[in-house]
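In this document, chain identifiers A, B, C, D, E, F, G and H correspond to the written order of the chains, with residue numbering beginning at 1 in each.
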Amino acid sequence: MNESALRKVFQQIKSGRISVDEAVSRLRHLPFEDLGFAKVDHHRRLRLGLPEVIFSRGKTPRQVAEIFKRMVARGGNVLATKAGPEHFRAAKKLVRKAEYRELAQAIVLKQDPTKYGKGKVAVISAGTSDIPVAEEALVTAEAMGNEVVHLYDVGVAGIHRLLANRIVLEDARVVIVCAGMEGALPSVVGGLVGVPVIAVPTSIGYGAAFKGLAALLGMLNSCASNVSVVNIDNGFGAGYVASMINRL
Amino acid sequence: MNESALRKVFQQIKSGRISVDEAVSRLRHLPFEDLGFAKVDHHRRLRLGLPEVIFSRGKTPRQVAEIFKRMVARGGNVLATKAGPEHFRAAKKLVRKAEYRELAQAIVLKQDPTKYGKGKVAVISAGTSDIPVAEEALVTAEAMGNEVVHLYDVGVAGIHRLLANRIVLEDARVVIVCAGMEGALPSVVGGLVGVPVIAVPTSIGYGAAFKGLAALLGMLNSCASNVSVVNIDNGFGAGYVASMINRL
Amino acid sequence: MNESALRKVFQQIKSGRISVDEAVSRLRHLPFEDLGFAKVDHHRRLRLGLPEVIFSRGKTPRQVAEIFKRMVARGGNVLATKAGPEHFRAAKKLVRKAEYRELAQAIVLKQDPTKYGKGKVAVISAGTSDIPVAEEALVTAEAMGNEVVHLYDVGVAGIHRLLANRIVLEDARVVIVCAGMEGALPSVVGGLVGVPVIAVPTSIGYGAAFKGLAALLGMLNSCASNVSVVNIDNGFGAGYVASMINRL
Amino acid sequence: MNESALRKVFQQIKSGRISVDEAVSRLRHLPFEDLGFAKVDHHRRLRLGLPEVIFSRGKTPRQVAEIFKRMVARGGNVLATKAGPEHFRAAKKLVRKAEYRELAQAIVLKQDPTKYGKGKVAVISAGTSDIPVAEEALVTAEAMGNEVVHLYDVGVAGIHRLLANRIVLEDARVVIVCAGMEGALPSVVGGLVGVPVIAVPTSIGYGAAFKGLAALLGMLNSCASNVSVVNIDNGFGAGYVASMINRL
Amino acid sequence: MNESALRKVFQQIKSGRISVDEAVSRLRHLPFEDLGFAKVDHHRRLRLGLPEVIFSRGKTPRQVAEIFKRMVARGGNVLATKAGPEHFRAAKKLVRKAEYRELAQAIVLKQDPTKYGKGKVAVISAGTSDIPVAEEALVTAEAMGNEVVHLYDVGVAGIHRLLANRIVLEDARVVIVCAGMEGALPSVVGGLVGVPVIAVPTSIGYGAAFKGLAALLGMLNSCASNVSVVNIDNGFGAGYVASMINRL
Amino acid sequence: MNESALRKVFQQIKSGRISVDEAVSRLRHLPFEDLGFAKVDHHRRLRLGLPEVIFSRGKTPRQVAEIFKRMVARGGNVLATKAGPEHFRAAKKLVRKAEYRELAQAIVLKQDPTKYGKGKVAVISAGTSDIPVAEEALVTAEAMGNEVVHLYDVGVAGIHRLLANRIVLEDARVVIVCAGMEGALPSVVGGLVGVPVIAVPTSIGYGAAFKGLAALLGMLNSCASNVSVVNIDNGFGAGYVASMINRL
Amino acid sequence: MNESALRKVFQQIKSGRISVDEAVSRLRHLPFEDLGFAKVDHHRRLRLGLPEVIFSRGKTPRQVAEIFKRMVARGGNVLATKAGPEHFRAAKKLVRKAEYRELAQAIVLKQDPTKYGKGKVAVISAGTSDIPVAEEALVTAEAMGNEVVHLYDVGVAGIHRLLANRIVLEDARVVIVCAGMEGALPSVVGGLVGVPVIAVPTSIGYGAAFKGLAALLGMLNSCASNVSVVNIDNGFGAGYVASMINRL
Amino acid sequence: MNESALRKVFQQIKSGRISVDEAVSRLRHLPFEDLGFAKVDHHRRLRLGLPEVIFSRGKTPRQVAEIFKRMVARGGNVLATKAGPEHFRAAKKLVRKAEYRELAQAIVLKQDPTKYGKGKVAVISAGTSDIPVAEEALVTAEAMGNEVVHLYDVGVAGIHRLLANRIVLEDARVVIVCAGMEGALPSVVGGLVGVPVIAVPTSIGYGAAFKGLAALLGMLNSCASNVSVVNIDNGFGAGYVASMINRL
C-alpha cells in the first residue's frame, strides 16, 4: 500500500504531472517506514529462524493457546515460556503437535529443523533448584536450531564434580551458566573455557539471596573476563544470546 | 619437573622397585595439576593471543611500569587499563614503544599483529561522557586482534542520529553499546541488529543515576533479547567478551 | 455559619457594642478557614471539572459502590480506579449508568460533557503488558474532559514501529508514555516531540526489574529534557497531570 | 546533498533512465534521514527558541568556554549549567557579554528576547540550601523565554510562611518546587494550586536523606495528583519541562 | 526465695558459721538478679500501669486467647494488637469482658481505670487508609491510661483541613502523626505545635512507596526538630512512647 | 501593619463607610496570617526559650559568624552546630562571648539562664567515636535550658559497664542514646528505664554499617517499646526532642 | 573402577607394553578425580559423621520422603529441614523411625550415636518468634553429634533475664545466637563469653526489619569481635558451623 | 574496694551493728559489678592472651601513639589496625620495639610469646588487591598466639592454582578466606576442607561491587555449609574469630 503510494509519486513524476521539487516535498512527509523498512521486520524472524515467543505468565491458558496457534500458522518454531500444565493443555487442544517441556515450563512446536548454530551450546547449572531456568535456556537454544549439551548440579562447593565432567565444556562454542545463591559458578567456568560465557542468576536461595540479587551482583563482578550477564531467571534470554553467538 | 616426578614413578614401577599398589598410593598424593594441567594455563594466554592486562587504578606509576615491562618480555600484546598520564610516563621510560590511548586511559603495546577476530566489532556510545568507557572497550578489542568500528554520541533522545548512521552496525559480528543515565541505547540497538549486543552501563549521570545503577538495571531488563550485560564502566570486559565472540 | 459569626462581629462593631480592639482580638481567634477559604475548596473540584476519584484497591465492592453513589450525587464525573469486576457489579446496582472500562480496571460515570482540554493528549505504551496502566491514564484524561489518542505496543526494541506511527504524536499537546522493564520509551518519545512528556514506569518485568524500580530510575535519568515522571503504575496521576497541562 | 541524491533519482525516472521498480528499490536503500529529517533537527532548537545547553561539570574551563563560544555563534540563547567561577572567567574571555548567575552556578547569554511562555512560571524552594537548584530552574526558564517569579525558604515546618505568600502562586501557569530532606513541599503546594507542579528533589540533607533519595521517594508518592517529578538536583530539567508547558 | 538465700548467707555469717571470705565468695557466685533486681521487673509493669501486650500476628486464635486469659489474671490492662475477628472470638470465649476495637485490630480489657497521663495525647492521620495504624496508637495510649483526642484525614495536599482543625492539637502534651505515601504530615504538624511529635510511617501507598520506606525516610529527614520516629506501621510503639511522655 | 489594615476595615464599618457585606468580602481576600498569626511565630522561639540554631556545614566562616551575630542580637541562646574551629574563630571576632564546644563541634552563646527542663536529660553513647554526636545532643539540651548528665563508652559488648553505671539513668526524665555500628544500645537502655528513650544512629562503622544505615534500622526495630528514633548523626534533633519532653 | 584404570596403566608399563612417555600422556587425559579424589568425597560425609540433609521447601511430600528413604539407606544421620507436617507424614510412611521436630520444622533420623563434638553447643534466642530458627540450629547440631543446651526468650530489652541465666553460656565451647528485629543479642552475648559466637539473623519483625535485613546488618557490625554471621533464617548453617568448631 | 564495701557489710552484720534486713537492703543498692564481676573483665584480656587493639582510622598519629604506649604498659600483645606510616612513626617514638606490618597497615608489639592456638590458621586471598585485608587477619591471628600459613592470589577464575596449592589448607584447623568482587572463593574453599571457614568480603571491585556488598551477599549465600561471615574489610574480626576457634 505504502509502496503503492511511492509508486504513485514516481508515476506522477514520470508522467510530468508533478515536478521534482514537488516529489521531494511529498516524500519528506511520507512516514519513512512505509518505504519498506517495516516489511523487512515482518519477515526477518522467519528468515533468520528466530522462533516466535510467548511469555505466558500473566496470560490465561486460552490467551496463550490462541497466540500459540496464530504463531504456528506463520511457520517457524514457536515457543511459550513460563507456561504451566494448564497453558499446555489449552495449547494442545488447538495445536495437536505442541510438546510440553515440563522442567523448562515451556511449550514448543518445532516446524523448522534447520541447524542454525555452528557448534554446541553447553548449559551448566549449579544446583538442582536452578534446573528450571537452565532448561528454559536449553529449550530456547534448541528451538533456535542449536545442538545443546548440559551438565547440572555442579556447584562450586563440590568443585571436583565440575572438574571431573569438564569434558562437556570442551567443545562448546558458547556456555550458559545458571546459578542462584552466591552465583559463583560462572567465574569458575569462565576460567576453565576460552569461549563466551552467558551467566544467568536465578532467584534460588533465601534470606540475603534477595530473590537473585546476590547472584546477579556476583556475576556482574565476575573475575573471569569472558562472562556477560542476563536478567535474573532469564533462561530464555541466555538461550537467545547464546544462539546469536553460535550462529556467527 | 612434576612430569619428571611422574616419570620417576613410572620408571620405578617399570624397574620393579615399587609395586602397583605403591604407585597408586603415590599418585594419589601428587597435586594433580603437576600432571601438566597447570602448564596449559601458563602458555594458554600467549597461544590464544589473549593480551596481558594490568588494572592500573590503585597502583603507583612505578608498579604499573614494572609489571608492564615484565609482561612485554613474555611476548604478546600488553594492555594497562585505567591508566593516567603519570602511569604512561613511567611505563614509557621502561618500554619505549608503549603507546598511550588518552581517551581510553589505556597504555598499549602491540607485539602480535594477528587478526584473531573474524569480522568487525562495533562500539557505540550514547553520550560524549560515555566515550572513555567506549574507548576502553575499543582499545581492548583491538589489542585482542579485532577490527573495530565505532559510532559515538547517538543517544536515544535523538534517535535519528543512530538511524542515520546505522550502516556502521550492519556488518558488525558483535556490537558493544555503552550508555549511562537511563541506559536505553542497547535496547534500541538490539532491535536493529541480528547479532549479539554487549551492553556496558556507565557511571555517567547524577542523582537517581546512582553511579550507574539506573543504567545497569535498564540494560538487564532490556526488551531486546540479544543483549547481555557487563559490570558498570567495564569497557575492558565488554571488549574481552566481544573478542571471544568475534573469534568464533 | 462562620460567615455569620463574622457578620455578627461586624454588626457588633457597627452598633458600637464592641470596640475595634475587641473586634481585632475576636477575629484573631476565629479559625481562618471559617472566613470562607474552605468553601472555595468544597466547590473547587466541581467548578474546575475535576472528577471525584475513588482508589478501589483495599476497599470492598460495597464500600466502593456506596462512595461512588454519593459522589455521583454531587454532579461532575466520577472515576473509580483499580476496580475489579466485582467492584463494578456492586457499583452498577447503585448507579445504573456506571460504565466499566475493563482494560483500565476503572468504573466511570460521565455527567459533565465539557471539553476542558484545549488539544489532544496522546497515550503511548511500550508493551502489551503496560496497557492497563496506559488505559488508566487514558480513562482519567477522558474523565477530565480531554480528547485522547493512543498508540500501544511500540517498544524501543522495534523502534520503527514507533517511528512509523509517530503521526499520532504530532498534534498532541502533551504525551503520556507508559513503560516497564528498562523504561526507555519516554526518552525516545521525548526526543521526537516538542511538548511535555509524562513518563509512567510500570511494574511490568521480572528479576532485576524490581517491580518497576528499573523503569523508574531509567525515566528519572532520561536524556530527554522534556520528561517528568510519576509513581510506578500511577496511570491516574499521569492522566491528571496531563489534563492539568492540556487545559492551560 | 542527500536531497540532491533524491533529486537525482527523480530526474532519472523523469528522463526514463530508470524504471519505477528501480526507483522504489533505490529509495529503500537510502538512509531515510537523508531525506531531510535530520535537517529538521538541526534547525529545530533555534526555531523553537530552545537554548543551547552545556553541562559544565567534568569539563575544563577552556572546554566550556570554547563550546559556549561556538554555540553563541549559532544565535539563540546559550546556557552553561553547573559552572563554577573558573568556568565563567574562561567563557567571559571568549564571549564578552556572557553573564554569570552565581547562585544558579550558570553562565548565560541571552540573544533571543522572545517571550515564548504565555504566562508566569513560579519557582518555590523549601530551604535556603535548596536555592542553587531553584535558581538553576529559574535561570533555565528565563533562558527559554519565560517570565519567572520565585518564593524561597517556605518549608513545610513553617507552613504559614508559604500560606502568607501564596499570592505568588496564584497567577502562575506552572509551578516548580525544589525541596531536599523529606521533600514534602510539592504536596502542600500541589494542594494549593490548580496547575501542574514540577517537583525537584535536592540532595540537601544528611544521614537518611541519602543524597536526595528520601526527597525523591516522597515526591513520587505525593498525595497531590498534579505533581510530576524530575531527577535529584535537576533544576535544569524542571525549568525545561515548565517552559514546555508554559508555551502551550 | 533468692532473698532467702541471701538472708541465709547473712544469718550464717552472723552466727559465725561462715567467715567473711566465705561469704564474699558465695555472693560472687549467686546470679545477681537473685538479689532482688529481677523482682522489680516482675512487678514493674503492674505498678507502672503498663499493659500486658500480645502481638497476635502469626499466632493462632487459641494461642492469643490463652495468653490473653493468663495476662488478665495478673490484673492490669491487657492489649492484643494486630488481632483479627477470629482472634477476638476465641478471646471472648475465655474472657467475657474483652472488647474488640475493630479499626485498630485490637482486643482490649481495661481493668485499671487509673489516668496515668497528665494531659491529652493527640492522634493525627493523613489519609483514611492510615486509620488502622492511628487507631492502634489510640487504643494503646488509652490502655495505658491517657485521654486521647484524634483528627483523621488531614493530609498535606489539603492543608486547610489541618489548619481549620488545629484546635485539636493545641492542648495536647504529645502528638502522634500517622502517614503513608510521602509521610509529610509530621513536618507540618511539628511546625504547628510546641510539644513532642511521634511520627509513624505507614505502609500505605504503592510503587515507589516501597511499603512505607518513602514515608519512613521522609519522617527521619523532617525539617521540624521536634519529631522522632518509630517503625513502619508501629502504632503500638507510638502509643507507648507517647504514654511514657505524657506521664512525665 | 496588617493589624492596621484590619483596624482600618473595622473603623470603616464603624463609621458606616462600608457595609457588612463589603467588610466580609475584604477580609476574605486578606492573607490570613496578616491577622496576627505570623507574629506569634516571630516571637514564639524567644518566649519558649528555643535557641536560634545555625547549621554550619556548607557555610563559610564569615557566613556563620554573621548569622550568629544577628541571632545574638535577638536575645536568647544561640547555637551553631557542625561548626569547625575556623567557624568559631570567625564568630569569636564578632561575638566576644561565644564559646566553642570542641567535641560537639558547636558554637554556643548562652544569654538566657532559665531552666526550662523540669528534670535531667541523660545522654549515653556506645563508643568513643559516637561522642561527637552525643556531645551535640548534650550541648543542644543545655542550650535549651536542661540539666544534662552523660555516660559514654558503654557499648553492649561490655554490658557490665552500662549496668555498673546505670545510676546515671535512674533519675533522668528522658534518655538520649547514641550508637553506631549495630545500634543495639537503645534497646538495652530502653529495657532498663521507664522513661522515653531518643535513639540517635551514628555514621560510625565501616563496610556493612553503610554510613549509619545498620544502626538506624536496628533502632527502628528496637524490641524496647519506649524508643523513638531521629536521623543519622542528628544529635541536635535528639537534644531538641528531649528538651521538648523534659519541659512538659 | 578408576583406580583399576590407573592400575591397568601401571601394569602395562610394568609389563613393558607401553613406554613411560605413553603412560604420562595417558594420565594427563584421565579426569583427575578418577585418581581417587572423588571417592574421598563419596565417603567423606559418612566417615565424618556429617548428616545427609534435605532442604524440603519447594519439594513435594513424596519427593522429600523418597530422598529421605534413599539417604537413610546410606547409613548415618538424616535431616530434612523446613519440612511441614505433610512432609513428615509422607516420610514416616517410608521410614518408620523418622521423628518430627515440630518447632524446628525438621524430620530427623539418628542412626549414628557417636558424639563428634567435644563440648557443649549453646543455642540462644532473643524472642519466642525466633525459636523455629533456633530449634533448626539445635536439631542440626544434635544430628551432627553434639550435646546442645539452649536458652530462649532472652532479648536485650530485658537484659537481666540473659544475665540471670548466663550459666548456660559458661561451659559452652561455641554459642549460636538467633535474633530478629534489631539483632542486638549476639553483641551482648559476644561480650559475655570467650568463645566463638555464630549469629543468625531471623526474618522476624515488620516494617523496617525488611525481612531480616536489619538484624543481618546489625550482626555484621557487631562491636563484639568474636561474632561471625550466617544467612537470614539459616539455623541449619549455624548448627553446621558450630558443629565444625565443636569437633576441633 | 567494692569487695571491701561488701566485707564491711559482712563485718557489720557479724558484729551485730546491722540487722539482716538492713544488710539485704544495702546489698540491693550496691552496683552488682562491684561484687567482683567487673574485675574478671579487667583482667580477662590479659589472662586469655587477648591483645589490646586500637582502631587507628580517624585518630591522629599522636592519639594512636599514646594509646599504644598506655596499652603496652599493661603487658600482653598490642595491635593497632588501619594504621598508616605516620601512625607508626609516632608510635615508634614512644615504643621503640613497635613493628610496622606495612601490607596489613598494622602496628604490632608482641610481648607475650605464648602459643594459644592449638593448630594452624590458614589465610587465603582471592586477588592481590585483597592482600591488605588478608594480612590484617594474619597479623591479628599471630598477635593472638597462632601459627598462621597463607596462600594468596588464588581466585576462582583460575581454580587450578587453588587446587595445586591446597596442601596449605590441609592441616589448618580454621581457614580465613578474603575476597572482593563476586566473593566466590569461600564457597570453593569450604567445599575442599572439613573445618570452619571464616569469610571476609573486601571492598575490592568497582561498579556493581558496591564497595563490598556483592561479595558480602555472595558469602552469606554460600552453598558451602561450613562458612560464616564477618563485616566487609574486617580482617581483624576474622583473625579474632579464627583465634577463638583455634584455641578450643
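Methods note: a residue touches a chain if its C-beta (ideal position, glycine included) is under 8 Å from a C-beta of that chain, and two chains touch if they have at least 3 such contacts.
Predicted model only: the values in this text are computed from it and were never measured.
Between the contact lists of chain A and chain E, the overlap consists of C, D, G, H. Of all the chains, the one whose CA centre sits at the greatest distance from that of chain G is D. For this pair, chain F with chain H, the centres built from the Cα atoms lie 39 Å apart. In terms of their C-alpha centroids, the spacing between chain C and chain H amounts to 59 Å. The set of chain B residues touching two or more other chains comprises 32, 37, 158, 163, 207-209, 213, 216, 220-221, 231-232. Pairs of chains in mutual contact: A-B, A-C, A-D, A-G, A-H, B-C, B-D, B-G, B-H, C-D, C-E, C-F, D-E, D-F, E-F, E-G, E-H, F-G, F-H, G-H. Those residues of chain E whose C-beta lies close enough to touch chain H in the complex are 3, 6-7, 10-11, 13-14, 16, 20, 23-24, 27-28, 32, 35-37.
By the touch criterion given at the top, residues 44, 48, 53, 118-119, 173-174, 194-196, 198, 216, 220-221, 225-232, 236-238, 240-241, 244-246, 248 of chain B touch chain A in their complex. The touching residues of chain A, when paired with chain G in their complex, are 129, 158, 160-161, 163-167, 206-209.
By the touch rule above, chain A contacts chain C in their complex via residues 31-34, 37-38, 41, 57-58, 201, 203, 211-213, 216, 231-234.
Across the complex, chain H is touched by residues 126-127, 155-159, 163, 180-184, 187-188, 190-192, 205, 207-210, 213-215, 217-224 of chain A.
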